[in-house]
Amino acid sequence: MPKLVEYENMAPRAKAVVEGIAAARGIEPADINNVWKALARHPAVMEQFAAEMKQAFAPGALDPLTKELVYLAVSIANQCDYCIASHGTMARNKGMTDEMQEEFMRVVLAALKGNKIAMAYRVPVDKAFEEA
Amino acid sequence: MPKLVEYENMAPRAKAVVEGIAAARGIEPADINNVWKALARHPAVMEQFAAEMKQAFAPGALDPLTKELVYLAVSIANQCDYCIASHGTMARNKGMTDEMQEEFMRVVLAALKGNKIAMAYRVPVDKAFEEA
Amino acid sequence: MPKLVEYENMAPRAKAVVEGIAAARGIEPADINNVWKALARHPAVMEQFAAEMKQAFAPGALDPLTKELVYLAVSIANQCDYCIASHGTMARNKGMTDEMQEEFMRVVLAALKGNKIAMAYRVPVDKAFEEA
Amino acid sequence: MPKLVEYENMAPRAKAVVEGIAAARGIEPADINNVWKALARHPAVMEQFAAEMKQAFAPGALDPLTKELVYLAVSIANQCDYCIASHGTMARNKGMTDEMQEEFMRVVLAALKGNKIAMAYRVPVDKAFEEA
Amino acid sequence: MPKLVEYENMAPRAKAVVEGIAAARGIEPADINNVWKALARHPAVMEQFAAEMKQAFAPGALDPLTKELVYLAVSIANQCDYCIASHGTMARNKGMTDEMQEEFMRVVLAALKGNKIAMAYRVPVDKAFEEA
Amino acid sequence: MPKLVEYENMAPRAKAVVEGIAAARGIEPADINNVWKALARHPAVMEQFAAEMKQAFAPGALDPLTKELVYLAVSIANQCDYCIASHGTMARNKGMTDEMQEEFMRVVLAALKGNKIAMAYRVPVDKAFEEA
């Protein structure tokens, strides 16, 4: 399954998706990153994911760096190497300093431990949280 | 394994941990939430987790709500019901509005999809991300 | 899917599996635990799992408590509440003390953290480990 | 994120952590394994993980090989390639024979199956386990 | 976070989603299942998930029961109790017999074992599969 | 742990397993794929997995392609790169067209989203599903 399709060889529907992303990022369509070259084989999946990403990162109540950190936290919890590499880069591009990254890792690791403690000790949910 | 130990019945080391958390939150030790009542059976684990949480949420370069959202994102990815209930409540207490929560969920769900797409299509990491 | 089949209502193939387990444990077939009452609907799955469990826990180079701790560690990592409850009980029946359980939890939690650190920091495997 | 920092280039706090580990293992600091070279970028995370590992593997009620097997079981369940390679090597160094490893794998695989059976058939926890 | 919104109390955007699903299933909007009552708090997430489900299950090259089995397989691998209960019911409604379910479970459990074997033994991908 | 054993160097029990698989597939034993070369170190694990796979894919109520898609869906959910590569190839060999693959991916991704929505919103199981 791993084949990548370069922009120039993509079907029109896939090209249109790539052009939209490239325009938003200010890059050339040929320089699109690999996940889109892989998805080009399945235009319907590609269009839906591109729309979902665009909406998720549209300006709103949360700032862009917070959204990148949430994305990166999910990717670490899910152990997606590609996503850690790509969204780690994007987080730094959006302002994540070394100091922020270290704090972020501390929260991620504390959360992972808290998650497993709650499961291992079979902790029942407090009434106060159920009713919140 | 599921037994909870109430504050009044805890060993001194466990009581000390609970008192520290209660003081920081401005609550009574007897009102501590269940995860600490469960951990009271294992004071060494309890002390280490309390220290890790305190450091992770200490004031720093990331604001408190961002940290809660990162914690919540990991908990959703890991499917920890207790953690979703407790840190969902805490996130609202720290200022998460309905609008923020909906945006947060969109980023979490987009990340989950991106993670699985990268795995399913076996996408190689771009050179630009490797060298970043 | 959640229906349990009591021993007296099981098909002959399922009854035979339960009788084998009950004899090995010195209990009545009617007192078999729920996982077998659930599996009774699918005798082929049931027979295979019973055989696999019997072989896994057959006397050998590892002692019975070590095997229970390995089983419990996997169950915590996989967040299986039923398995944590049942094999936690079995581990205590096979000699796990409170002190052992606390040490066990420390290793489990250290491993979980080590796992995520290796992924998050994208650590390449050392040559010495590749060649070991 | 994947950059490794060699010992000679580490900050003093990171060097101190590596020196402590190297002394305990009887190796040169420059021969430390990659996970510590990666963590050197974040000394606070590094110090905490080193302390947690030291405590988890301190002499106690469980023998060193049992602890390695628990660590390895978690790493397999979590699918951490680095951890499987490194702690597989350490388990062999601590006495895991081929025979033990095969038994260990049988227990790990039986546990994984048991975990998914309990979830797929939605098995309720037995009263006997709840009250244990 | 656990509150359900009944149909009569939903906002217009959420009502519209529920009416579309109810019409397709031939049920009353008030009888919609809980996942939609929970999602009603976040209409943008709700609309996107409803559209994604509709497209995924639209008539095509794969028959409806095969799609339900794929959905159920993912839900078991992900240990989602709600999804196992709901899509297990839907699979039976679409023709899954007891015999099919037992075969399905055998494939799911064999796959889970194969997945962990490949990881635990660190098996490199065959050239034949890379080039396929 | 990653060493592969070529057919000619396998122990008799391992050779017998490989010969059985090769005969069923109409290939030479020396051309067996890597997972079996890795498992050859542990003949008891190897025999059990070979038997489980043979039974899971034996002719029955579900057709061979449906079974491959179920296997592939589990492998994607579990993020097993080896299994996605090998069973992706097998699915195409058993008739999966590009169109089928795109529909399959849409169902897999919808299921993954549904799973996380049910967990994140803490959706209680409907009575109708409990009683089904």
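Note that the chains are named A, B, C, D, E and F in the order they appear, and that numbering of residues resets to 1 at the start of each chain.
Everything that follows uses one rule, which is that contacts are C-beta pairs under 8 Å (C-beta built on N, C-alpha and C of every residue); 3 or more make two chains touch, one makes a residue touch a chain.
Given the structure is predicted, the values throughout are model-derived calculations rather than measurements.
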| item | value |
| --- | --- |
| Shortest chain-hopping distance from chain B out to chain F | 1 |
| Intersection of the contact lists for chain D and chain F | A, B, C, E |
| Furthest chain, CA centroid comparison against chain B | F |
| Equivalent interface positions on chain B and chain C, same or different at half | different |
| Centroid distance [mean C-alpha coordinates] between chain D and chain B, Å | 22 |
| Separation of mean Cα positions, chain E and chain C [Å, integer] | 28 |
| Residue list for chain D, restricted to those that touch at least two other chains | 1-2, 41, 44-45, 48, 52, 55, 76-81, 84-85, 88, 105-106, 108-109, 112-113, 116-117, 119-120, 122, 130 |
| Complex contacts: residues of chain D adjacent to chain C | 1-2, 4, 33-35, 38-39, 41, 45, 49, 52-53, 55-57, 60-62, 66-67, 69-71, 73-78, 80-83, 85-89, 92, 97, 99-100, 103-104, 106-126, 128-130, 132 |
| Parts of chain D lying in touch with chain A, wherever the complex brings them together | 1-2, 41-42, 44-45, 48, 78-80 |
| Chain F contact footprint on chain C (complex, rising order) | 2, 44, 48, 52, 55, 130, 132 |
| Chain F to chain B touching residues, read off their complex | 76-77, 79, 81, 84-85, 105, 108-109, 112-113, 116-117, 119-120, 122 |
| Chain D residues touching chain F - in the complex, by the definition given at the top | 79, 84-85, 88, 98, 101-102, 105-106, 109 |
